[in-house]
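What follows is a short report on a single structure.
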Amino acid sequence: MTESRSMLRLSGREGTLFIGVLFAVTVLASLANLVIPEDSFLHVSTYTITLLGKYLCYALLALSVDVIWGYCGILSLGHGAFFALGGYGMGMYLMRQIGDRGVYGNPELPDFMVFLNWQELPWYWYGFDNFGFAMLMALLVPGVLAFVFGWLAFRSRVTGVYLSIMTQALTYALMLAFFRNEMGFGGNNGLTDFKDLLGFDLQADGTRVALFMATALCLGGAFLASRYIMGSRLGRVILSIRDGESRARFLGYRTELFKVWLFVYSALLAAVAGILYVPQVGIINPGEFSPLNSIEVVVWVAVGGRGTLYGAVIGALLVNYAKTRFTAILPEGWLFALGALFVYVTLLLPHGIAGWFTRRFASKSVKEAAA
Amino acid sequence: MIEISQLNQRYGGTQILWDLDLKVEEGSCTCIMGRNGVGKTTLLKCIMGLLPADSGEIRIAGDNLVGRSAEFRPHHGIGYVPQGRDIFPLLTVEENLRVGLPCRKDKLKKIPDRVYDLFPVLKDMLHRRGGDLSGGQQQQLAIGRALVIEPRVLILDEPNEGIQPNIVKQIGDVITQLNREENMTVILVEQKLGFARRVGQQFRLMEKGRVVASDAMEHLSESLIMQHLAV
Amino acid sequence: ADTIKVGVLHSLSGTMAISETTLKDTVLMMVEEQNKKGGLLGKKLEPVVVDPASNWPLFAEKTRELLTQEKVDVIFGCWTSVSRKSVLPVIEELNGLMFYPVQYEGEESSKNIFYTGAAPNQQAIPAVDYLMDELGVERWVLAGTDYVYPRTTNKILEAYLKAKGVAAQDIMINYTPFGHSDWQSIVSDIKKFGSAGKATAVVSTINGDANVPFYKELGNQGISSEDIPVVAFSVGEEELSGIDTAPLVGHMAAWNYFESVDTDANAAFIDQWRAFTGDDSRVTNDPMEATYIGFNMWAKAVEKAGTTDVDTVASTLIGMTTPNLTGGTATMLKNHHLSKPVLIGEIQSDGQFEVVWETEDLVPGDAWSDFLPASKPIVADWTAPINCGNYNTETKACSGQNF
Amino acid sequence: MSWPAPLEEMRHRDRVFPHLRPKAKVDVSKNVLLYVEGVSVSFDGFKALNNLNLYINEGELRCLIGANGAGKTTMMDVITGKTPCDEGTVYFGQSIDLLKRSEPEIAQLGIGRKFQKPTVFEAQSVFANLELALKASKGIWYSLRASLSGPQRDRIDEILALINLSEAREQLAGSLSHGQKQWLEIGMLLVSDPRLLFLDEPVAGMTAQETERTAELLNTLAGDHTVVVVEHDMEFVRSIARTVTVLHQGSVLAEGTMDEVQNHPEVIEVYLGSDE
Amino acid sequence: MCCLGSTANAESGQTAATESLLARLPSANLRETATLVGELEQSGGDRMLPLFQIMLDGRLYSRKSDDALVAVTQPPTGDWVLTDVFTGASLGTATRREVSKVRVNNRLRVQLREAIARIQLNAEDAGARLAAVDTLFGDLNDSSAALLSERRDLETDDKVKGAIEEALALYRLRSSSEPAVQVAALNVLAESLNTEVRYAVEQLAAADSAAALPVRNAARKALTRIDSNLEFYGFLEQLFFGLSLGSVLLLAAIGLAITFGVMGVINMAHGEMIMLGAYTTYVIQLLMPDHIGLSLWIAIPAAFLVSGLVGVIIERGVIRFLKGRPLETLLATFGISLILQQAVRTIFSPLNRQVASPEWMSGSLEINAALSITYNRLYILLFALLVFALLQLILKKTSLGLNVRAVSQNRDMAKAMGIRTEWVDAMTFGLGSGVAGVAGVALSQLTNVGPNLGQSYIIDSFMVVVFGGVGNLLGTLVGGFTLGVANKFLEPMTGAVLANILILVFIILFIQKRPKGLFPQKGRAAND
């Protein structure tokens, strides 16, 4: 009985802690990169900044999955689709920015179109040279897709594994579609060789730090927004949908609308993550649609502990950091390590890392109270 | 027959059963009564092995059951009718009944007719999914299912919940019959005094996880009722 | 630094591990051998292996790691074009040096990358010539996996075939997804297409895992190499080691190297490889030779330049020669591609290829295809005065260079 | 002109923002709140409801009894929109066709329901369960900004006391005992202050005293609210009932006062059983 | 010793001319070999058959020591065995370096095959004669046409005779300019299903054809006839393709229908169970390289045991601790799948392994010229149905089926009814995994045996199970075949990639209509 209460209170405290840490790390890392000279051991390399930026994008993606899975019980195995669509939106803008600096010097067509003999820019590429429009589309397309998909699925009461597998089918279909060269998105090679963003050279340290900070800002914003939502009555309705959708309906909640709303919200977060991801890693390719990627995101959330928001972030950071380290230290065996990590977490940390924290915290504060 | 001593049980941090002692004689029909939430269901689940006991002993015919797995109990002739019925919703009525067959000592392959004699509805609905039955029908199925294993001890958790009056009577008769004629030991959790009085020989009153009164049913006085059952 | 660091950027897990692991081992073998010879410039070579896990953004990240954290002097890596495309901006930004050992679609020449695999004119075009001239093929099936390499190669071939007077209805083009495994309909279509009374051949740019089921289906539907020969550009000894080749005898592949080529250098290489892997049944293949050439060329260039400095080594590399394993000499051209012999081999029942045809001279690799309208005017030349990977001979301009 | 479904939905501003919807006016000019006429439902050929007719008056407290499987729960399912019916009509007041509405819409009209098997949100606290059930807008944007007003908080506290769960307010509903869940569900019904309440076996699993309390509670509710109770506990039914309807095999077998019904030979035969 | 080869030749009665031709073979280049083969056929006639056959098989070598022609057999280990080309007499053994191959290329193979066909036209065996006619079918010239018509008059076998008639008719159609002859030929050919015939007829029927009007009309009529026949058989062929693809989907999914559908474990390692089955097949073949056919039969139970055992270990070691947390099984089994993949990569290398097909699984069953069914696919189709039937039997007729459903619906109550839930879990998971292993044996006959094998089937498997309706084995069957057939009927219209996409879109839309799949769980309980 006391447990549930302390759980709620603690997650509030840990959330604030989380925001604090995020803020501090972002500022310090940025300063350490820009201000501290390169030979100082306090200097943070651009490699690290870029890496951190990428991790934060993943964290945002994980957050978006946690919002619907952890709180509403909708296990999406296709969130990579929204991420990738956002990424493609940004990628298209960046492609257009190349202008005549491509290898063929064609001011209109991206290189991959030139050498496959495309005569003119397909209509759906129009307007992507405008940053505002491109960003609008990068949000609109995944948003509308989520809306239509969610609308269809939730209205017909597709639930549980059926829904999960359908989200998987969605991203798989998109992957196959984007692999097709006829689609006009560069096929397997995707979009690469970006030059600059809003006039800033993507390879400049300053731009990288700015992108990293933007990502941190978005993540923090998304975290706060999501925490606000989950703390509101809307959040409680969402929880009740997770635990007893039909009961919620009998209380007068139009659960399908709530679900669609949340699904779109979550898809938009994923899209933002994708938008920020592309300029930092320098490529977007249909592989991002791969169902396996989406499953991995779910795994991050589970490792971190779902239904806590900050757990998703921790999970994403930890797993990706582990991946970076393991692939360098144990190139041949890192999959063993990663696989074992997943098994270990599920077996021994049933509520993920966040759950473990909470319990540590809780038992400590109980002890403190007792003392 | 059943001897429980110093039983403690907790859900996470909350202790529900406190050093509970309970004795049920062989061949008796014992009613356990108490307000909502005093731990009756919890007690029965501990007896069935569905909840782990923290400490204490549960002896049935001499064997200590604490620590033994739940599935061991039906093979030793303990039948259970849970609160809330717990029918297998997607199995047909017939399959629900068949599940218990392997526990029978005589290895019968067919559902004994007695079940259908007691609850004729079940025969009519043999091929319907258990979950589709009405609440009362499910309750009948739950009792029938427990009888299939031909138990020596029958444990019933509010078996009359949601059952139409004439069948309530009938269930009472069945319990009495099983108890008297076949010498089946019956443990019954019941809220309805009338029924308890009619069927039970012994009563046990529970309060806050302890048995606070036990005696023969004749001795269940108004004052005891006021003290332990009134709100 | 007291060692010279050699980065190895090949996927050891994920879908590409199947092909790339071998190349990682090849580099390690070459490094070991070089170290036995005393290393380079008096320093030992130290391999730094990372696993980009068949994940394209990870390739870029790992490249950055190799160049900025590990500070490697050279990278051997990549297989798929998309991984190379992902790495390219990073390697140019950080001015690294990479050797890319796989046949690819061309249309690229980077200041920092040396391409030791074949360009389309070193594989596809000679193969088609062989089929046309030697086997009298008149009808063509261009079958490929749907990605850039097959698309481009087929675009080039289509243009080439049409230029040679092949009618449009005698060309059938078919694309399948990665890992396609159900070839029933397509093989049946090929069979029908091929029984119109004209000699027909399949030019296959089918990639990796899709090949096994493809060849199995061919065999089972009774299409023998005499009826409709298949010439593949992505099937080498390594891929064949996973297939029962008995039904495939006579189908072909076009490469710049085959394990079966009988030269002393090759025999030594094979022995070394088997000793290194401790496995007498391990085969060698074309990308391995390309790695071998790349490594030797780099080592020679470093010796000659007396430094591992990227710009110096890169300029030393141009014009550098090193013997290849099939006899001739590979020369690094100004466009960072090699001149190579082209061999056509027929599959044998033991999983090896038997060379049935060979170009008389070495074919210089062409970064920009003459059969694609947009690339025709473009040349790559990394020597003064042009010093550019994509110089347009018509506009006399060089676009998109950051240096 | 017909719009594609999603657009159609958007066109109704009031449905996107339910708090903007004008309060539905239930026309009870004939003093009948609920009409159930000629309703039939069958499952795989089995007729659970068979041409059922039932009229509930405004402010009435009606008891519904009938053998297990008579179709009582199914009838509630039909009225509350859970189960579609094959034939018949169900009207709320004179003008609102319930068959055309979805569960939440019906609930928003003021029809509340307690299920036979207690269903509460097990992962949320008792308090949150009640808060969710509060009579308030059920829209998304409203919920996002909603906070409890003083009177609402008081109301919840009051109900908590009434259902004897004041101490358990922060406890997870899933950890309540069976009977406590029953109470909680009744509490949820009460805070939502519906116009028409359906209670499916509210006193199952309650002690005699609790049963009495429930009876009292229902008696006080009647008048302001219209209450339909399904029960098998005859004493309880007697203590609250004014009119009793007996269902049998999917249609009405008898209707009248408790005494009339109790002496109805067929009712005795199929339901009550004779007292030997 | 040096003369052994030629002595043997002399014994088999070769003429001097043939002898000298043979002597030139070892040193000839490919072009010269082609000429030599032609001359050998002329001078040696029927007796050249073994030589041609050995050459075609790529077994003709010359011994470096004496330039004698030998036939080589390569045992899996040890030295090569040499035999005399014409008599089959043993000539001892040699190492790889002591002999050199008489090179043969594609063009030569065509030539050899035709030469063999001409010789085989008069073979004893009707099958061999038919094959010979088929080889010569579209490439007749005057002399081979004459050979064929000679043969026709002698031929007793109806099938062979029919084939000869057709071949000759096609020859006449092409070579004659006499309208009457052509029309007569067309009448013979109108019933033919051979695509080469169709092509020839089509050319005559074409608007710009130079043929005489009656010929053109007859050709049009014949073409319509041929096309309608072809269309019919084409339909059958497509149907078979679809069923075959469906059977692969069924096999891949059926284990999952148990572990996921019935038990509710989201088993991401399902694909790896398939993979293990395939690798088991590989290992068994390694152990018994000389009995490919038998090894396959042994592989079926072996794969069942291996995958089943691994399944049981996974269940006991991991999944059992996740009861009541079904979604977390996704996480754990995902981890396990990574570990299994990497384990296989470490043990067997990341390369694909070679699994051979036995003789009876190769080739195809020729129903007629337009319709042939590949044996491997046919057997796999039958096998899939068999596995399905067995599984249904187990689940319907043994207590396991009932128990596992009871356990998955209410674990506590199942315990209270005496079901050994732990045992049931382990057995069921083992069964599902074992069946996946068996699927792996079948798939090893169709596709790569490599570490990624499982990955390529996991998504399809989930799709099939969900499409069919979770918890319903029959749904998996119908789902698999529906998707397979739909895919194969779409493919010719849209291409393989788009067909895949359309199928996915179709499934997504279908689920909107039937949110619980093709065969949903019905009833009150399922509705909540």
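So that you can tell them apart, the chains are marked A, B, C, D and E in the order they are listed, and the count of residues begins at 1 in each.
In this text, a residue touches a chain if its C-beta (ideal position, glycine included) is under 8 Å from a C-beta of that chain, and two chains touch if they have at least 3 such contacts.
The model shown is predicted, which means the values in this text are computed figures rather than measured ones.
Chain centres were defined as the mean of their Cα atoms; on that basis the chain farthest from chain A turns out to be B. The most central chain, judged by C-alpha centres against the centre of all protein C-alpha atoms, is A.
The interface with the greater count of contacting C-beta pairs, when A-D is set against C-E, is C-E. One finds 30 Å separating the Cα centroids of chain C and chain E. Each chain gets a centre from the mean of its Cα atoms; for chain A and chain E, those two points are 44 Å apart. Taking each chain's centre as the average of its CA atoms, chain D and chain E sit 64 Å apart.
Averaged C-alpha coordinates give centres for chain B and chain C that are 75 Å from one another.
Shared contact sites, meaning residues of chain D that touch two or more other chains, fall at 82, 175.
Residues of chain B in contact with two or more other chains: 14, 132. The residues of chain A that reach two or more other chains are 1, 176, 179-180, 246, 332, 335, listed in rising order. Interface residues of chain C, counted against chain E in their complex, comprise 12-13, 15, 17-18, 21-22, 134-135, 146, 174-177, 179-182, 184-186, 188-189, 191-192, 195-197, 209, 212-213, 216-217, 219-222, 225-226, 229, 238-239, 241-244, 246-247, 249-250, 252, 346, 348-350, 354, 356. Within the complex formed with chain C, the residues of chain A that make contact are 45-47, 50-51, 54, 98, 100-106, 111-112, 114-117, 176, 179-181, 186-190, 192-195, 203, 281-283, 285, 287, 323-324, 327-328, 331-332, 334-335.
Chain D contributes residues 43, 46, 65-70, 72-73, 116-117, 164, 175-180, 182-183, 201, 204-210, 213, 232-234, 270-273 to its touches with chain B in the complex. On chain E, the positions that touch chain B within their shared complex are 399, 402-403, 405-406, 409-410, 412-422, 471, 521-526. Taken in their complex, chain D has these residues touching chain A: 5-6, 16, 18, 80, 82, 102-105, 107-108, 112-113, 115, 119-125, 128, 131-133, 138, 140, 143-147, 168, 170-172, 175, 188, 192.
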